[in-house]
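Each of the two complexes below includes chain A, the first together with chain B, the second together with chain C.
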Partner chain A sequence: MKVVEQRERPVETGRLPMVKGEAGQPGEKVSGGFWAVMGWVGGGAFGWVVAALLSLIASIKFHSPGFWADTPLLTYGRVRVAALQGMWWGGAVPLLFGAMLGWMGRSAPGGVRFSGLALLGAIVWHLGACLGIVGVLLGHTTGYDGWGMPNAAVWVCVAGLLLFTVSVTATFHNRGERGLQLAHGFLWAGYLWLGWVSLAAFVLLGLQPVRGVLQWLVDAWYVANAQMVAGTLLGWGILYAWLPVWTGRPLYSRYLGMMTFLGLVMLAGWTGVTPSAPVPAWLPVLATVTTVLCIVPWTAAWLNWRGSVSRCGCVLWRDAVACFAVVGCVAFFWSAVGKLGLHVPGISTVLEFTWWEPARHWAHVCGFLGLTGVAGTYAWLRSFPEREGRAVAARTQFWCLTAGLVLCVAPLAVAGIVQGLSWQDPSVPNVEVLRRTLMWLRLSTVGELLMLVGWILFCVTLSSLALKRGRACWSDGWRRITTPLQEQETAK
Partner chain B sequence: MSMQSSLDPQSVTDAKAGQVTVPMWLVVLLAVLGYWGMVYFDHHGGWFDARVYAPFASVSVVNELQPVSGAEAFVNRGRAVYETTCALCHGSDGQGKPGQAPPLAGSDFVLGPSGRLIRIPLHGLTGPIEVRGQVWNLAMPAMGAALSPEDLAAALTYIRQAWGNNAGPISAAEVEAVKAATAGRTLPWTAAELKSIQ
Partner chain C sequence: MSRGSWIFILSLLGMIGSWFGTVLYPQIQLGRMVETRTVPDGQVYPVARPGLAAQGREVYRSQGCYTCHSQQVRQEGVSVGLAITKVGTNQTALVEAILRIAPQWRRDQVTAGLERLPFQVMDGVAAAEAERARRPLEAAGATTMVTVRPVGADLARGWGLRRSVAADFLWDHPVMLGSQRVGPDLAGVGSRLPDENWLLVHLWDPQIHTPGSMMPPYRYLFEVRPAAEVASQDALLLPEGKGPGPGKVVVPRPEARALVAYLRSLEAKAPLFETPVILPAGLSGTSALSVHAAVERP
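What follows is the complex of A and B.
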C-alpha cells in the first residue's frame, strides 16, 4: 500500500493539518473553517443538551405526573415531542453535518470553502431548530410522531441547509485527492437522502397534508428513511472517513462498503411500517421482508468494521476520540437487532408497541448518530492546537454518555420484553403490567440524567475551545495591527 | 504504508479502502433471505391488494368471508350449485367437453327464452342439437330435477351471466311455473320441441 500524498500539505508543527492558504498567513483558511464547523457542531452540542434536558423532564413526568403539572408548556405530550424533535433537528443532524463539513474541509487544500456562508447557515439552522422546539412547547406541533416540526421552523432550517450546501459542495469540489472514497459516497448520499425525504414529508404532511391513515403511513415512511437510511449513511460515512486515520491503515473492504451502501439505500427505507399497522397487509409484510433482508447490509457493515479495526481494537478503545466511535458502532448493531425484533414474525407480537422501540430509537439516534458525531467532531478538532489538555474532559464525557446510554437502552429494552410478555396473558390487568415495568423505567431515567451530564460536558468542552481560539484570534489580529506600526517607527 | 498504531491525524490522510471481496456466504445468505422474503410475501402480502388486511393473506380468502346480499349472493349460490351439479360435464369454464357435453358459454339455449332453458335440466335433452355452429348428438339426463327451484334458478342465472354470457336472471318462481306446466313429463326434450317454446 502506498500513502497518497496530498498536494500542498506541509506538516510543520504537527498541529495545523494543511494550508499554505493562497493569501499569506498559514492557518487563516483553517480558522475560517474552524468557525464554520464549530457553528454546526457547537450548536449541535447545545441542541443535544436541550433535547436531553427535555427528554429527562418527560421521563420524570412519566413517573410523577405532578411534576410541573401546572405548566402548560411542559405537559408530557409537548415535552416528549420537543425532546424527540430537538434530538434530531437540534442535535444529531447538525452534529453530523458539522462533522461532515469538518472532514471535507480537512482534505481540501484551502480548508472549508465559503466558510462564512456555512457559519451563517449554522446560525440560521439553529435558529430554525430553536423556533421548532419553542413552537412545539407552545403547542404548535404537527401531531405526527416523526415529522413534528412546525412549518415556519422548517422554512428557516431549509434556508440554513441551503447555505450549508453551497459551502460543503464547494469544499468537496476543492478536495486535494480527486478520487472518491467510500466516506464521500456515504456522506453525500446520507445528506441528499435526508434532504429529499424531509422535503417529501414537508410537502405531504406540512404543506398539503394527505388524509386519513395515509398521514400515519407517510410519517412512518419518513422516519424509516430519515433514520434508517439517511442517518445510518451519515453515521457510517463519518466512521469510514476517520477509521483510516485512527487505525493507520486503509478501510478493510470497498466492496463490503458498497454492499452496505446499496443494501441500505434499496431496503432500509421500506422498513417503517410496523406489523400491526392498520394498513393493507402488503405494507407491513413488505416492511418485515425488507427488515430481514437488511441483515445483509448490516452484516456487511459489521464485517467491514471488524476487518478495519482488527488488531487495533485496544488502540481504538484507549484513544480518547475513537472510543466514541466504538460505542457508537456497538449501539448501531444493537439498534439493528432491536429493529429485527420488531419485525421478525413471532417475536414481533411480543415486542411491538412496547418500550422496545424507544430503546431501539435511543440506541440508534443517541448512541450511534450522537456518538459518531462526537467522534467526528473530536477527530476534526485534533488538527487544532487548542485541544491540548482536553483529554480528561473527553474521557469523563465519554463515560457519562456510555454509561448513560447503557443505563437508558438496556432497561428500556427489558421493560419492553416484560411488558410484551405480560400482555400475552389477558388475565394480567394493565396496571399490573405497568407496575412490572416501573423499576426499569426508573433506571432508564437515571441513564438519561447521565447522558444529559455527558452532553453538557461536550458542550462545555466545545465552548471553552471556541473561547480559547477566539481569544487567540483576537490577540493575533491585535498583534498584526500593531506590529507594522512599531517597525515603521523604528525605521524612522 | 506500515501498520502504524499511532493515532496521529497526519499519518494517514487519504488512505483508500482495501479490496477484500464480499465473502461467498454473505451472498448465499442474501439469496436465501431473498427467497424466504418472496415466499413470505406470497403467503402473507395479499399481492398489493388494498382490500386485504392482516391476518388475511389473499383477496380470495377475503371474498369468501365477505357477507353478500341480493343479486350477488344469488349468483354466488348459483356458482356453487353449478360447480357441484353441472361442471363435471360442461366444465367450470362453461366451454363444454368434446364428446361429453356442448359449451354453455355463448349457447343460444342458455341465452334464449327462459322457458326453454329451464326445461333442459328439469327433464334432460336428447338428439341432435346445434351449439355455436357445431352439431352435437348426445343425451343429457335430468340433472336439475332433484334441485330445489331456488338452487336451479340460481344455477341457471349463473350460467346466463358467467363467461361473457349476458342474459337476464331466472327466478325461482319461473322455475316453479315451468315445473307445474310440465308436471308428469318423464321423457327428455328434443331440440325441435324446445324450439317451439317461446
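What follows is the complex of A and C.
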C-alpha cells in the first residue's frame, strides 16, 4: 500500500473557517454531495437522539421501577434493547458512514459521486433503523444481545447499504490523489468487515439459524467483529483521515498505523467469547489470549496518537472540532482497559455479568465511535460557509457530551465493581447487591440526560445548517428562474 | 509481492480466521450435538420444552427479560467428599471410625449428623483420600458414597446445582444466555421456585415477595375482573391487602401463564459427563452446605 501523507493548513481555533483556495465559491469543490453526506450524518444524529432518549427512559426505571411500567412498549427490557440497537444501527454506523463519505468526497474532484444514490441509501437505511427500533419496542427483537434487530428491518438496511456502496466506491475511485492513505485502508477494511459480519450474522441467526448454544457463539462473534474490529477500524480511519488536517503535519508513524491495523484484524475478532460461557473450554481461553494480545495494536494506536499530537495537544483541545476526537480517543483507550478487565483471569470473575460491560460498551460506542463521528462530520462541514459562527454551539455540545460520557461511564464502572465484589459473598442477597449499586446507577442517569442534550444540540446544529443551505439553494434556483431572459442573454 | 498485497492477504486471513475459529469449527464440534444421557441415571437430556413453555420463551424474548437475567451459572471447581447414606447396625463403631478419619468433628456433632442422613463426613478433600476414608466406615457397617459437588459463588447462592453447559440449550431458539445480571440468574429457577402462583404474583407485583426489587411490575400480563365473572381457580392468589380491591380479582393472561411455564421449565441441573454431580438423594449442592453448617452448630 503506497501511503501518501496529508499536509494541509494549520489548525485554526475558535471558529470553523472554509477550505483554503475556495473563497470564490466556498465549499463548491465538495458541495456535490452535501445532501448525501448530510443524509447519513443528519439521520445518524437523529438516531443518536432517539437512542439516548430511550436509554434515559431505561435509566429512570432505576429510580422508580413503576415508571411507565404499564406501557408494554416502554417496559425496561424492550426500551433497553431498543436503545442499544438504535445506538448502533441508528446512530454510530450512519454517522461513521457519513463521515467516511464526506472525507472521501472531499478528496475527489466534484465531490461525492452518485450523491443521489447515497442520499437515497441514507433514507432507506434510516427507514430500516426506524423500523427496527419500533419493531423492538413492539416486542419483535431477536433475543440476542448483539444481533437484536428484527429481520424485516435488516432487509431494508441492507438495501440502503448497497446504495451507499455504489456511491462510496465510485467516489473513492474518482479520488484526485491516486495513492492510498492509511485512512483509506482503515475505512475500507472497517466498512467491508462490517458488511461481512452483519451478513454472516443475518444468515446464521435470522435466516437459517444454527442450533443451540451456537446461536450465542455467532452473536458473540458478531459483537466482537462489529464493534472491536469494524467499528474500531472506522473510528481510527476517521481520526487518521483528519489528524493531519488538525495538527498541520503528517501522522507520526504509518508503521504504527499498520501495526494497529493488522493487530486489530488478526486478533480482535476472536475476543467475543466470555470466560464463563457454556461452550467448549478452548473458546474462552482463546478469547482471553487474543484479548491480552490486543494490547499490541492498542499500544501501537496509543503511540501513534501520542506522537501525532505531541506539542499540539493543547491546540487540539482548544479546537472546536478536534476536541471531540481527543475525548473519543480517551474513551477508546478506556474501553480497551475495560475489555481487558473482562477477560483477565481473576478480575473477570468479579466483573463478568456486572455493569462493567455496559460501561465499556458506552465508552466504546458512544464515546469513541460517536464522538469520532461527530469530529469527522464537523471537520467535513468546515468546508461550507454555513458552518461559520457555529463554534459556540459545537463547544456547548462538546461539554454536554463529554460530561455526560464521564458521568455515565464512571458510575456504571464503579457500580460494576461494587456489584461484582458483593456477589462474591453468597450471604448477601441479590436485592442488597442491587441496592448497593443503585446510587451509581442513578448518578449515571444525569450522564444520560447530558448526553441526550448533547445529541439534541448536534441534531439542531445539523438541521439549521441544512436549512440554511436549503434556503440558499432555493434562493439561487428561484433567482435563476425569475431572471428575465434578456438579461441572461446579455450576460452570455 | 507488494506490501499492499501482503496486507490484503493478512486482512483476509484475519477475517476468515475468526469466522473459522469462532463459528465454523464450533459448528463442527457442537452443530451435530444430540441428546445425551445423565450420569449415572441414564435419563435422556435435554428434553424439548413443552408447548406452553415454548410459548413462554417467546414472551421472555419479547419482553426483553434477558437484558436483566442471565441463564449461565458459573462454577469455580468441584469439591470431593464422603457421605454416609446408611448407618448399619454398629453405630458406636461407626462413630469411632468417623472420629478417626475426620478428627475435626466432635462426638455430639457426629451423633446428630447420623440421625439426619445423608451425613457429609468429609468435604473438599482429594478423591484418593475420600476413597481411603471410605474403607473403615464400610467396615463399621455403614453405606457410603464419594460425593462430587460443584462449587462457586453462583452455586452457593442457590442459582444452580452445577455450571451451565452447551447441552442445556440444545433445543432452545433463541438461546438467551444474557450478558448482565440486574436480577438473579434464572438457569435453575424452575427448581428453585417451582410454585406457579409465587411466580405469577412476582410478575404482578415484585415488591410483594421481594421488597426493594427493581423489577418492574408486568401488570399488562394480567386482567382485573369482577370476582363474580371468574372461576376461583383462575384467579391469582394475592396476599391480603395486595389485591385490586373488593369484589375484583386478578386473572393472568395466557402470556403470563406461558412465561411462568417457561420459567418453571428452566431446570439446568441434570448431572452430565462434562459436569459430574454425585450427591446422595436428599443432599443437593446447596443443602450439602446447609446440612454441614447445621451439624457444625453446637
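Here is the rule we go by: the second predicted complex is superposed on the first by the 451 of 492 C-alpha atoms of A that agree within 3 Å, B and C clash if a C-alpha of one lies under 4 Å from a C-alpha of the other, contacts with A are read in each partner's own complex, and residues count from 1 in each chain.
In this section, a residue touches a chain if its C-beta (ideal position, glycine included) is under 8 Å from a C-beta of that chain, and two chains touch if they have at least 3 such contacts.
Because the structure is predicted, anything quoted here is derived from the model rather than measured.
Of the two partner chains placed by the overlay, chain B and chain C both lie in contact with A:L286.
In the superposition on chain A, contact is made by A:E177 with chain B only, not with chain C.
When the two complexes are overlaid on their common chain A, residue A:R254 makes contact with chain B while staying clear of chain C.
Applying the stated contact rule after C-alpha superposition, one finds that A:E448 touches neither chain B nor chain C. Look at A:C312: by the touch rule set out above, it reaches chain B but stays clear of chain C. Counting the residues of chain A touched by each of chain B and chain C gives the higher count for C.
Once chain A of one complex is fitted onto chain A of the other, the partner contacts of A:S276 extend to both chain B and chain C.
Common to the chain B-facing and chain C-facing surfaces of chain A are residues 1-2, 276, 278-280, 286. For chain C in complex with chain A, the residues that touch the partner chain are 2-4, 7, 10-11, 13-15, 17-19, 21-23, 26-27, 29-31, 33, 61-68, 70, 72, 74, 76, 153, 156-157, 163-166, 168-184, 206, 210-220. If you check the complex, the residues on chain A that touch chain C are 1-2, 61-62, 65-67, 69-72, 75-78, 80-81, 139-145, 180, 185, 189, 193, 196, 200, 204-205, 209-218, 220-221, 224-225, 229, 258, 261-262, 265-267, 269-270, 272-274, 276-280, 283, 286, 349, 352-355, 357-358, 423-426, 430-432, 434-435, 438. Remark: chain B residues 1, 3-23, 26, 29-30, 33-34, 36-37, 40-41, 44-54, 56-57 touch chain A in the complex. Across the interface of their complex, chain B is touched by residues 1-4, 6, 9, 11, 14, 17, 107, 176-177, 179, 181-182, 240, 244-257, 259, 275-276, 278-282, 284-286, 288-290, 292-293, 295-296, 299-300, 303, 307, 311-312, 315, 319, 321-322, 345, 379, 382-383 of chain A.
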